[in-house]
Amino acid sequence: MLSFENDYNVGAHPMLLQRLTETNLEPQTGYGLDDYCAAAKEKIKIACDCPNAEVFFLTGGTQTNQVVIDALLQRYEGAIAAQTAHIALHEAGAIEFSGHKVLELPSHDGKLCAADLKAMMERFFGDDSHEHMVCPGMVYLSFPTELGTLYSKAELTELHAVCRKYDLPLFIDGARLGYGLMSRACDLTLPVLAQLCDVFYIGGTKLGALCGEAVVFPRGNMPRHFLTRAKQHGALLAKGRVLGLQFDALFTDDLYFKIAKNAIDRAEEMKEIYREKGCRVWKETPTNQQFLIVPDDDLKRISSQVAYSFWEKFDETHTVIRLVTSWATTKEQVQKLRDIL
Amino acid sequence: MLSFENDYNVGAHPMLLQRLTETNLEPQTGYGLDDYCAAAKEKIKIACDCPNAEVFFLTGGTQTNQVVIDALLQRYEGAIAAQTAHIALHEAGAIEFSGHKVLELPSHDGKLCAADLKAMMERFFGDDSHEHMVCPGMVYLSFPTELGTLYSKAELTELHAVCRKYDLPLFIDGARLGYGLMSRACDLTLPVLAQLCDVFYIGGTKLGALCGEAVVFPRGNMPRHFLTRAKQHGALLAKGRVLGLQFDALFTDDLYFKIAKNAIDRAEEMKEIYREKGCRVWKETPTNQQFLIVPDDDLKRISSQVAYSFWEKFDETHTVIRLVTSWATTKEQVQKLRDIL
Amino acid sequence: MLSFENDYNVGAHPMLLQRLTETNLEPQTGYGLDDYCAAAKEKIKIACDCPNAEVFFLTGGTQTNQVVIDALLQRYEGAIAAQTAHIALHEAGAIEFSGHKVLELPSHDGKLCAADLKAMMERFFGDDSHEHMVCPGMVYLSFPTELGTLYSKAELTELHAVCRKYDLPLFIDGARLGYGLMSRACDLTLPVLAQLCDVFYIGGTKLGALCGEAVVFPRGNMPRHFLTRAKQHGALLAKGRVLGLQFDALFTDDLYFKIAKNAIDRAEEMKEIYREKGCRVWKETPTNQQFLIVPDDDLKRISSQVAYSFWEKFDETHTVIRLVTSWATTKEQVQKLRDIL
Amino acid sequence: MLSFENDYNVGAHPMLLQRLTETNLEPQTGYGLDDYCAAAKEKIKIACDCPNAEVFFLTGGTQTNQVVIDALLQRYEGAIAAQTAHIALHEAGAIEFSGHKVLELPSHDGKLCAADLKAMMERFFGDDSHEHMVCPGMVYLSFPTELGTLYSKAELTELHAVCRKYDLPLFIDGARLGYGLMSRACDLTLPVLAQLCDVFYIGGTKLGALCGEAVVFPRGNMPRHFLTRAKQHGALLAKGRVLGLQFDALFTDDLYFKIAKNAIDRAEEMKEIYREKGCRVWKETPTNQQFLIVPDDDLKRISSQVAYSFWEKFDETHTVIRLVTSWATTKEQVQKLRDIL
C-alpha cells in the first residue's frame, strides 16, 4: 500500500534517531534547560538571522497554537484567522478552551488578505458598541496554508503593515514551514519571514521529527514567564532534550531544508504525472499537498492501493482527495503512484 | 559528575530506541490509531488483568493530570488532593487553568488518609452553605507520592471505600508507578491497584520512555469523546505511534517492571550506604527517592561531584537534599556515591 | 429630547417599584430562596402551562446566556447560533470565556433555518476528522431576533425537530420575549414556545424590570447544581427577592403581556408614520425594533431631537438607524416623532 | 420572628427606593454611562479623597471579586488570600473558574499577617522550581473579614509595604466596608484605606442597596478595557443607572456612613446584653457580626424566635451561631433579642 495520506505517517528522519541513540545516556537537565536545546536555539537563531531571537520548544501543533495565542492575547482579546485556519476548524476548540474567540475572515485559497483585515479593524473601531465585542488582539496565519498555498513576500508584507498599524502581533503557524520555504514558488526566506512577523513556529512533527515544534520570537519578544505559561497548559516536556536534540540535528548542515526540498521535488514530479495522465486538479498548489478531483468509480480501485485523505465531495460522482508528499517520500513511491493513476 | 537529581535525566531504555528505529519508516495512522498503540493497549490490559480497560496515551504528567481531571469533573467540581500533591504545588496551576479548584487535605508523609477524606465530605454536606462552595468531585493521589512514600493495600482500600460511599472517582497519578509496585514494601499488584481506583496512569517519562504516560480506565469507563477532549487541551500527539511503540516495548517481557526493580535495588544499596556512613536520613522511603539531611559545609564538596535536588532548608546549618535512582542507575554509580558521602 | 434608542433607557414599570417599596423591610431568605421568588415561579409555570417547569432568576442577558450555555454544554461542545446572534457578536466573548466556541450559521434576517442546521450536522458527522472539531452541543436562537424578526411556529417546529433528531438542546434567548409574543405577526404563545425548546428565558431588563431574567426549564430539566453553577459565574444575587418580586409583579394580572403590547402598538403607529411620510424602511419588522434608512443630511437635524441607535452605514450618503419602542413609550412620544420625521 | 441571620435580609434603605422612583422615567444611557453613575463616581472620589480615582459599578460581591481579580492577574498568576477568605471558601470556585488559583495563607482571626506574606514570597522565590508553581500575583483581603474582625492601620500598612516590595497589587473586599469604617475599634478612614491598597470595593448589597458594589481604583489605575472585561464575565448591567443612583444616594449627606453606624451601635448594644446575660462569646468582634456559643438545648427555643446563622458545632452539646446587625436593625429588635436570650 502506498502512503500519501499525510506528512506525519512515518517516524523521524534517521539522523534524528541516530542522534537520540548516541546521546541517550548522557544526563541532562530537564524542562528545556539542557545542552541540546541550547545548541538548537543557537542554530535556529543563525538560520533566522535573528541574533536576539528567543526560541522555545513545544511538542505539537495544536498545543503550540494554544500556548502561543493565549500568551499573546489579553484575556478579553481574540485571534483573527481565516475561516479555513487550523485553529478555526480542526483543533477541537483549543483556542476557545483557553478563553479566546477566533475572529474569522474570508479565506482566499486558504489565505488572509490585507484588505479584509484592514476593513475588519475599521469596522470594529467604527462600531459604537465595539467595547461590547471581542477585541481583535492578534493575527494568525499558516504558511503554507491548510490548502497548501503560500503567501508571497508582497502579500505578507502588506498584512504585516496592517498589523503594525493596528498594533496586532502577527503569528505564523509553520507546521509545514520547510515545505513552504522550499517551494519553487516561494519568494521568502526564513530571515525575511522572521522580519515580517512577531512570532512563528518551525514545524518538526511534519518535517522529520518524532514530535516537536520550535517557537521563535524573532526580536527577544517572548512573553514573560513563558515556561510557566507552557507548564500551566500541560505543555512543558520533562525531557526537553528530546525536542532540542531533534532540532539541533535538523538545523545541522541544513538538514531541515534538504529534506523539505525532497517533498517539494516529489510533489513536482506528481504534478508532472497529473498533466501526463490528464488528472483533474482541484487546487493547484506549490507545496507538498496536492488536491485531485477523482471520479468515484476510480476511487474504489485507487483506495485499495494508495492511502490518501478524503477532502470533500466535489459533486454527485466525484470526490476531492488530498495526496501529500513528505521528507520521506521516495522517487519509487511516486513512480508507483504514476502506475496506479 | 554523578547524576542522582531525578529520574528523567537520561533518554529512553535502549530497547525503546531500538524499536523506534526498527519501525521508523512503516507508515502508520496518526493520533493513536496505529498498530503499536493497539498492541500496547492489549498488553497493558493483560498486565492490569482488566479485559474491559480503555487505555489512552498522553505525553507528560502535568498534561495527563489536567486532561484526566477535567474529563472526570463537572464544571463546578474540584479535585481533592494532599497539600503536597503535584497538582497542588508543582503544576503551575494547570488544574485551575481548566477551571477547577484543588481541594487540599493534610499530607501524612505525602499521603491522603481516609479519615480526613470522610471528615471533609461530612463537613461539606453538613454545611448549610455547601451549595456556595466548590463541590468535591473526585480524589487525586500519587503512587508513589511526591515524597517517595507508598499507600498500603489497606490504606488504599479504605480510601477507595470512602470514595465509593460519596461517589467520588479515584484517580491515581502513577508518574512513578513502577517504582512503587516494585518497592519491597509494596503489598499491591497492578491488577489490585486497578481494582481500587477508577482511573490511573502508568508513567513512562520517569520509567524508561522518552515521553509518554498510559492512562488506564480499568472498567471501560473512559469519558466519552476523550480524544476530542485531549485535542482541546492540545494534548493529542499526531504521531501517536511514538507513545504506543514505547509502551508496547515496556510491556513486552515485563521490561517495565524489570527496569523499575533496578531503581529499587540501587535505592536499597544506597540505604545500606547511609547506614554504614551514618548519614542522617530526613525521610525513610521505600522507593527510588531518598532524602538526606546534609551539613551545609559538606554540601559544597558533594555538589561538585554529585547532582542532587535541593529539597528544603532543614535548619540554619543543614539542608535536605533528594537523591533519586532510576531504571538507568548502575551499581557503579552507587559505589561512586558511597565514596563521596 | 425624544428617546427611541433602546428599550432599556428608563427604569422599571411603576408597579414593580411600588411592590419593591411595599415589601422592602420584610426579612427574606437570600439567594432566591425567598417567598417572592417562589410566588413568581408558580405564576410563570402557570403562564407557560408547564407544571413541571423549573425557573431560576438571573440579573442580565449576557450573564444568562453564559450561565445557561455553559450548564447545557459538555466541556468540548460548542453552541450553534446565527452569525448575527447576540452571543456571536455583542457579548464580548462571554461564551468563549467559559471555554465554548460559537458555531456560526448564516443569518436569514437574523434567524437560523432548519435546513442549514441539518446540513451542518450532516457535514459534521460526515467529516472523517470530526473528532478533531468542536462538537455541536446545542442550538441558541433569539426570539425576537437581534433584527426584530420572529420565527413562525412552523419555523420553530422545524428547527426543534432537527434539534431532537441530533439530540441538541434548544435554548431561546427571550431578552425581548414579550415583544415577540405580543407582535401582531406572532403565531406562537408562551406555552407553545415552551414546548418547542429545552430552555428559554423571559427577559425582564428590556421589559419593565430594573434588571432580571427568568430562565425556564420547561420540563423539570434544569441542570443539577444550577445554583452552584450560577454562583461560580458570579451570577447569584444575594437579594434574590429583588428579581423574584419584579417577576411576581410582571406575571400578576398579565402585566408582562400588557406592557409588551404597548410597545407593539406604538411600533405599529410608527410604521404608519413611515408610510405616511415616505420614510425608507431598511428592514420591516413585526416587533418593537424599527430600522430606517436616513439621508445623512437629515440625520443631523434628527439627532438633535431624537435619540436613536446608529446601526450601520447604508451607502456614502445614507445611514441605517434603529428606533425602538418599549413598555414605557407613550402615544405622545410617537406623535412628537411624527413631527420630527 | 426576629431576623439577625445576615445583613442582606431586607431590601434597600428607603431613600434609595425613593430616588429610584423619582428618577424612574428619565431616559438614561445604558451600561454605566448615565448621569447618576457619573454623579456617584464624583461623590465617591471626594469621599475617598482620591481625585484621580476610577470607579466602576458591579452587581454583587462574588462577581466583583471574580472580575477584579481576573483583571489584575496575568493568566499564570494566583491570588493570595487567607484560608477563611470568601474567595477561598464560599464563592463556588469563581476564581478558579476564571483560571486562577487561590494561594492560601493561615488565617489570624480571619486576617492575613504581613510576616506570613513575606515568608511566602521568600519561600516562592527561594524555591528552585518556582517557575513550575503558580506565581503569586496579588493579595486579597476582606475589611472587615469574614469573621467580623478588622485590620488596624498598622497591620494594613505593614501588609501594604510587603505588597509594594514584591509588586503585588492589594485588593480589599469591602462587601461590609462601612461596618468596618464605622466600628469603634477602627483607626482607618476611607481616604487612608484608599492609600493603602490598589483597588477596593465599597459594598452596597450589605449596606443599604438592593444590589451593587462600587469598585474603586484609587489612582487612575483601572485595568484597560475594564468595561469589556466586565461584559465578558456577564457582569455589565444594562441599566447601570440602578447601581449609580443607589450609590449617588448612599454618598449624599454621608448616608452610607450614618446607616453603617446604626449597625455598629446596635451591635454594641448586643455586646452589652451578652455581658449582662452572661452569654458565652465565641469571638469578640468590633463590627456587625457577633458569634455566640449556645447550648444546644437553648438553641431549639431560640431558633423558634430568632433567625440566626449556624456557624459551626462547638462541641457535642454546644453550637456557634452568628448574629448580624445591619443598617436596618432597630433598637426595638435588639431589645426583643435581649428578652429572648
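We call the chains A, B, C and D, going by the order they appear; numbering starts again at 1 in every chain.
Heads up, the rule we're going with is that a residue touches a chain if its C-beta (ideal position, glycine included) is under 8 Å from a C-beta of that chain, and two chains touch if they have at least 3 such contacts.
Quick caveat: nothing in here was measured; it's all calculated off a predicted structure.
K.L.:
Can you check which chain pair, B-C or C-D, has more C-beta pairs in contact?
P.N.:
Of B-C and C-D, more C-beta pairs in contact link C-D.
K.L.:
What chain lies farthest away from subunit A once each centre is taken as the mean of the Cα atoms?
P.N.:
The most remote chain is D.
K.L.:
Quick check: how many Å separate the C-alpha centres of subunit B and subunit C?
P.N.:
50
K.L.:
In whole angstrom, how far does the Cα centroid of subunit C sit from the Cα centroid of subunit D?
P.N.:
33
K.L.:
Spell out, as numbers or ranges, the residues of subunit C touching 2 or more other chains.
P.N.:
In subunit C, 75-76, 91-93, 97, 99, 131-133, 228-229, 231-232, 236 touch at least two other chains.
K.L.:
Can you list the residues on subunit A that touch subunit B in the complex?
P.N.:
1, 3, 5-6, 8-12, 14, 17, 20-21, 23-30, 59-67, 91-94, 97-98, 205-206, 210-211, 228-229, 231-239, 241-242, 307, 328
K.L.:
With touch defined as at the start, can you tell me which subunit A residues reach subunit C in the complex?
P.N.:
Going by the criterion above, the answer is residues 75-76, 78, 89-93, 96-97, 99-102, 104, 128-129, 131-134, 309-310.
K.L.:
Applying the document's contact rule, which stretches of subunit D touch subunit A when the two form their complex?
P.N.:
Against subunit A, the touching part of subunit D is residues 31, 70-71, 74-76, 99, 131-132, 135, 225, 227-229, 231-232, 236.
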